[in-house]
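A, B, C, D and E are the chain letters, set down in written order, and residue numbers restart from 1 in every chain.
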Amino acid sequence: MKEKKCVGIIDTTFSRVDMGSIALKVLRDLLPDYMIIRHTVPGIKDLPGEARRLIDSGCDGIITLGWVGKKQVDKYSYIALSVGLVMLSVLTGKIIIDVTVHEDESDNEEELKKIAIERTKAHAENLAILLKEDGEGLVKKAGQGVRQGYENVGPL
Amino acid sequence: MKEKKCVGIIDTTFSRVDMGSIALKVLRDLLPDYMIIRHTVPGIKDLPGEARRLIDSGCDGIITLGWVGKKQVDKYSYIALSVGLVMLSVLTGKIIIDVTVHEDESDNEEELKKIAIERTKAHAENLAILLKEDGEGLVKKAGQGVRQGYENVGPL
Amino acid sequence: MKEKKCVGIIDTTFSRVDMGSIALKVLRDLLPDYMIIRHTVPGIKDLPGEARRLIDSGCDGIITLGWVGKKQVDKYSYIALSVGLVMLSVLTGKIIIDVTVHEDESDNEEELKKIAIERTKAHAENLAILLKEDGEGLVKKAGQGVRQGYENVGPL
Amino acid sequence: MKEKKCVGIIDTTFSRVDMGSIALKVLRDLLPDYMIIRHTVPGIKDLPGEARRLIDSGCDGIITLGWVGKKQVDKYSYIALSVGLVMLSVLTGKIIIDVTVHEDESDNEEELKKIAIERTKAHAENLAILLKEDGEGLVKKAGQGVRQGYENVGPL
Amino acid sequence: MKEKKCVGIIDTTFSRVDMGSIALKVLRDLLPDYMIIRHTVPGIKDLPGEARRLIDSGCDGIITLGWVGKKQVDKYSYIALSVGLVMLSVLTGKIIIDVTVHEDESDNEEELKKIAIERTKAHAENLAILLKEDGEGLVKKAGQGVRQGYENVGPL
């Protein structure tokens, strides 16, 4: 029945950068033999449920692309989002890459946009590696102080 | 046995705006062939259990309408509410739109009321789209900086 | 086998007001055909497990009566309590009314005692309504700014 | 197969007081017909998993004895510990008494040691009562402002 | 089918010290008859899912090696990580040692590196003891104020 492997992309209407399209482009390049499903939900607290639905429909891996506001309540929502996605990975064993950009990472809109784009690209690449090589594909980068959306800080 | 699709609305007696009636009006318009169940519970921590009961009784989607007080303890309750609803969506895969208004969003009572009304309407519309078009219905708004209850901030 | 409907009351030895006895009186009046079980545990983090045991022994609804200290660590315990009870309601679909009094709600001991008594009474009434009329019994009070232990603030 | 009732004690190497030995002495006195298993783990986040293993090996009740550092990160670990033990009690219905001493409860080492000893004794007694009399054994102390490791504050 | 006992090591590319290699060396020495699997994931929120996958593939014990940034959002991610791993241990009963180094533990890079190395070694030893002797192997160190990465503080 299931003809192709499948990967899911979920972003939000709350986000100020269309991160889903960026992830889509990267994953199409890196996972040419995967079916890619792209969905959008209103905000970050809607991501875990949608991820569950995409897993139920056959996805082997998921990338969620969240945008987190500046207020303390947004940070509490971030905790709920994070616990939800972590628990989904614990319950299903599926690879779920939980990407978030926090609106207070920069006051400069261009910089914030760049962070969102670079972080999305880098984590879409991570997802492709994990799907193709399991947890062994990233061992060569272990402890290297890799950052997504910023310069790598490198090892101590 | 199950003759109609069903959507559930749950609000609270704690809320200072009758958000349930607003959601009911929107969902009747947008989902004419759904049975709509409206329930009310005392406060936000009662929402996840009631949502579970409505799912058990056959609802395909739920909108919860919470009102969060100003005190730090109310914010901790907000974390519990949010984790509960996220976990319910993770465990069941059902569409659950978790709407909250925070009493400290505005000192102006009229403005606060307006936020509650507009946010409820906007998220009831989101629920209808998600129920009718799955996660594909909102892709066209991805990354658009959509806000509910405020002006949209737009994309960067 | 199960002859009567059952409701459970759980309070703590940590509390400075015997809230269990107050709930017992209200529920005996309002739910004359229910068996009522009253249990006591040491503190708030023991409430979710005891609630689970009462549900396992046949209770259809539970009221937990917690007393939360003034220190930040007590507030973290409050988060754990709240997540635990919310998850129990999500996992079982049972009606669980989670009542707490926070010792820092008032510096005046008489006032604090009054808050505890009134809040317990009001939520025992809520539990009875939810058990007898499901989530429909409180719809008439939706959005009315109802407070337990304080004056209602009313709708905006 | 299971010949004796069983109670489990779990403490940590992180703790600065050997609370496990204190609990062991109390429980041997109060539960002479129980098998008592005492285990030790590195720190508080290891307690819930060990509690699960002791429940799986047949324990009817558990007392965990945690020592929480002064730093904010220790408090976040406390949240994780607390959520874990609460969820274990919710999932299994077993009696789990979660005792913690916070290193910032006193600057005086002798006083801190005394708090740890007295709290452990008092909660080991609570566990014995709950195991022998269910939740009914503590009803007579409900609302009495009982504190473990400090003077009781009494009812209002 | 399963020929050897198995232990899993999971670290991150975010870390600034290659903690996985250190754990690998210790565990090879202490658990010569175990198969050891080493995997790497991007960041701390990816650890619980990978731990679940290694448990599913047959691992009897897991050590996760996380590096936590200085920002408040990193601390919230730490909560999600911790809750996820605690819940995984609660759900599976497997031994999971959750090691983290917080970048704000020291401003001195050499010191921070030393903390990471020593803590990893000490907890890899703990994991080996727990796997070989269950929870009994650490009883002799109970209450001894053991610290990993710092000098032990000793008992009171």
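Everything below uses one rule, namely that a contact is a pair of C-beta atoms (placed from the backbone, for glycine too) under 8 Å apart; a residue touches a chain by one contact, two chains touch by 3 or more.
The structure displayed is predicted, hence computed values, not measured ones.
Least step count on the touch graph, chain C to chain E: 2. Interface note: chain B and chain C, two copies of one sequence, contact each other through mostly non-matching residue numbers (shared numbers fall below half of all numbers used). The distance from the centre of chain C to the centre of chain D, each centre being the mean of the chain's C-alpha atoms, comes to 24 Å. Chain A and chain D, compared by their mean Cα positions, are separated by 40 Å. Counting partner chains per residue, chain E shows two or more touched chains at residues 79, 83, 87, 91.
Beginning the circuit at chain D and passing next to chain E, one meets the chains round the ring in the sequence D, E, A, B, C.
The part of chain B that touches chain C in the complex is made up of residues 10-21, 38-42, 45-46, 48-54, 56, 72-73, 76-77, 79-81, 83-84, 87-88, 91, 109-110, 112-113, 116. Listing the residues of chain D that touch chain C in their complex gives 68, 75, 78-79, 82-83, 85-87, 89-91, 93-98, 102, 123, 126, 130, 134-136, 138-139, 141-148, 153-156.
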